[in-house]
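I'd like to ask you about the structure that follows.
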């Protein structure tokens, strides 16, 4: 099945989802991007360059780790983990960003802009911009700037300008809007590095294409290491890029694909970011594309929540909306509380620190592994590492020593200033 | 040249340096370790298992990155970087730790202890212990515990007990002493995972052996990627394990090897940790071995300093003391100020964030590259990533926004407690 | 009377019409009425009533905040339509719905068109709805006798202008420059050239907007465009100078 | 008179000798003297004078801090030797240098041996110096007529005990248990068995130390060991009870 074969349907549509809903002023830019992307996709050399860049700069291929301890402890399926946390900058975000960097070069543009929530995509983009020599602006909700200062610190030191967005909820979705505003002004020399498989066509397809490297590697590695394909593959779903990335390796196989969304405070709480696992989202059009959004009856977006900033988003990529309708991907939610427990378990049992986002995939896998046979195999995508999120994780785990360390550090800084 | 061929000299001695200076109570334990290590080294299967473990768990081989921007900017030699920062847990320390984990299994011991300064080796050891199922105690100077809380946080969450050492300067060397004290009591079921190529024989040889994987990979990669060997190889030198690791790949070649030590406040300041680059150190015996130490005339150790906690140590591995005597490795120092500048340059020019330790190697390379020909090649070992050191780096760069973020965070925690 | 005929009629007595803008419910519907009162007095010909949306990505800071505040104070789509009904009944100018496509999409395109019509609106501007996605909505609008306002921009190619021209009806909104609403545009030869380009692809009247803030700006357009569209400048004036300020603003603008 | 002969002589009137310990310069040389006065009064036979070192890795917390404090207050190796000279002249007990090898290494082994001898010391204990590294120092010591104290421990194999025994002279220090100085040892059959094992490999007197803190402990050793070595317990008593405390401690210990 090629989900990106539009010859039978409308270009850029996955079932009824997707499309391009952009101001007229951007139509030429998005068309130019589409043309360039089609060229890149058709050019085997482009993909070779892309793979070489990731190998030499980001450490790809990332390995597959067999979690023997956790598998034994849970007593069911054998658990394997795809280690995209080992990428340069600490997550799968770098894959997409490096790909778009190459594409931006081909477009002949000298500036990049990007939205970021957790800061992970912004960090990756700032890194890429430093490497490629692009001018770089990162839009980030003011709330996120305040709570994700470590990433802001690195972005700035990598030479990016970080702009705190003071509108709306001052989080990810508002940063996306602000990026659009920059883009409609500066499209002549600026490429918008969208961070996930969302937004107007061709972004969902393009980001999925770059991320497909995860699944390509993983399929081959599973065959080599475990001797066969996994029965189930788990990935967390924010916008859906890491999940699309790994799932694409197994689309044509008899492998069950499970996306794990931000369950936040749980079903019925209206404090979550589960667009597909829960029943609260409806189809709408915003931020350039049509998909399931967490919105009210009038089409205004609801507040969302997840302990993982990278999952805390109103929409989901249109491909998943379609695959969900078709029953080709199953969606589950992991609540904040479950995520904290799974994180602790994973750290102690295997010495891995998945990002809070990735831990959502672990939660669902950990729930299901014991119900499976010992001869069955599951694969989890560890999209990122958690050690970049120490503030968030320390807060989540309510660590008293951490808090007193921060208190002491603050006192030290104040004393220095006097 | 095989520096570990002791058939002509005394076992465990490199020139006049090295040896075993341990209490009698540990002689049996160190003998047992030596025998086991000799078995492992002679067993090709052991090395295969070791390599496989690092591949599957830590992402080895780490790549070599060509720094085209920095090379162009400096206008001299082509600069390549060995990316041990991409390892699981963020530095080369994991290599040694995983190797000793396998060895500890073979020894049949169920507990591990380790000293740590910056926390990087402790973090790696705690990770390994979680993976292998060992009980784990990490000794860390109280001063380091206070300033390196993030690593302590992760070690504890990985299940290790972190013990703050209140003696002496309350830093790395005191943690080493405290480890020895634990070991003389609990050697029956405890293996001491020494973190660098120092200490009594066979530790310098053993740690060097495990770290030699860096050089093995790097040599092959340079030939493949650059078509030939580098003219010079740079590595930072704390205890000397990452430097020994990469240098071993080029010992028999016509390649100049340069170790970069912690220059701290500079020559003559007596606030540094340059044992070989400066003239302040003399030969002595402490912490189980004979080498150059920063000590006074009576053999009591001096205070040392480096902006990089991982270089801030009184001694240097005995192999380097010998290679220095023989003129086989050149030693230079990088001062704190130089390190900050090189870090900024590297971040902005290449999107890399070397650990403060590794940045010492960059400093020396950046100084020398412009004096070399464009057709010459240098290789820098990036032993670790700096994003784990945000507190140290933010302090070093004196970042005002970071300080006010910490102030705000402290206020938030205090408010929560009321 | 349809939008296009209305413009044609008005243009018999004026060389350029003026379209103004309010964000429904911001600062409040009461203040909206006061603003509209002043606009009517000044002889404004057309008014866009913006239905607030949570993701107004084509708007500049002032309107973004206006959208946000309006929603915060509880403005609903239903209230906006009721307000439209009131306004179109009370004032001599014609009223257009302005907003984002999701508002129409969520209520259903049929219901949306019906409701605009019922509320006395003569058309709508949905800046994030490209023509590729508008076929059904345009058909429904035609059936109902209201006009979808199409945008033409400086980045639009001639090929695409031709496509846009072919489906344009009622009024074409010529976007004077790149960017979002709100910043100042240098009204000069570039804009006139753009109008000229657009004119070659459509026969419907051309409104020019984005950054118009003074009589001088309008003077530049006179003889080239049919409608001058004033948005942010008016809201800014209202915020800073209240009713007297706004009265003076329109008096000077339309002098 | 050499150490071994001194022990033999003393043992004619006592079934077990006692060796005590002070850390030079801690709390101060003056207090060291007061302690030694009390030890002499109590009839202590031997005293180790510990030369403070910055990395005392074989010592427990109390001695670690004593080393540290002494260095902080400026104690030098020269002062320690001067003190040794004073002490060995003033008191009837014999004095040994105790410390870490770096102290000897830095001054040079010849100078070290000469200085110990000159200062009236009868030997030295360097716990981090294994016999493999001691050949030269042992030779120099033999020439000078002072004794290097060799340690035997519960983890030492019989093969190694034989090797140690072969080079032992003056006194062998039997380490009663694993660990560092300072914690309590259960003085029982294990210790006696260890002494028995050591005895099979050497003819020189055996001193037993690590954790001896009471008369009861010594009573266990009586008839098995030649010397009971008391370290931490005495320092702890001094810190807590001062001179009267220490006087009572030794009175009870040696009753």
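To keep things simple, chains are lettered A, B, C and D as they appear, and every chain counts its residues starting from 1.
Throughout what follows, contacts are C-beta pairs under 8 Å (C-beta built on N, C-alpha and C of every residue); 3 or more make two chains touch, one makes a residue touch a chain.
The model shown is predicted, which means the values in this text are computed figures rather than measured ones.
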item: Per Cα centroids, the chain farthest from chain A; value: D
item: Length of the line joining the C-alpha centres of chain C and chain D, rounded to whole Å; value: 98
item: Interchain centroid distance [CA atoms averaged], chain A/chain B, Å; value: 33
item: Distance between the centres, which are taken as Cα means, of chain C and chain A, whole angstrom; value: 38
item: Centre-to-centre distance between chain D and chain A (centres being mean Cα positions), rounded to whole Å; value: 66
item: Where chain D touches two or more other chains at once, by residue number; value: none
item: Pairwise touch network: line, ring, star, complete, or other; value: line
item: Interchain pairs in contact, sorted by label; value: A-B, A-C, B-D
item: Chain D partner contacts - residues on chain B that touch it in the complex; value: 19-29, 167-168, 173, 176-177, 180-181, 184-188, 282, 284-288, 290, 295, 297-301
item: Parts of chain A lying in touch with chain B, wherever the complex brings them together; value: 55-59, 62-66, 69, 83, 86-88, 90, 126-131, 133, 146, 149-150, 152-154, 156-159, 225, 344, 347-351, 353, 387-388, 390-391, 394, 397, 399, 401-403, 405-411, 413-414, 417
item: Touching residues on chain D, where the partner in the complex is chain B; value: 52-61, 64-65, 68, 71, 76-77, 100-103, 105-107, 127-130, 132-133, 150-157, 160, 164, 175, 178-180
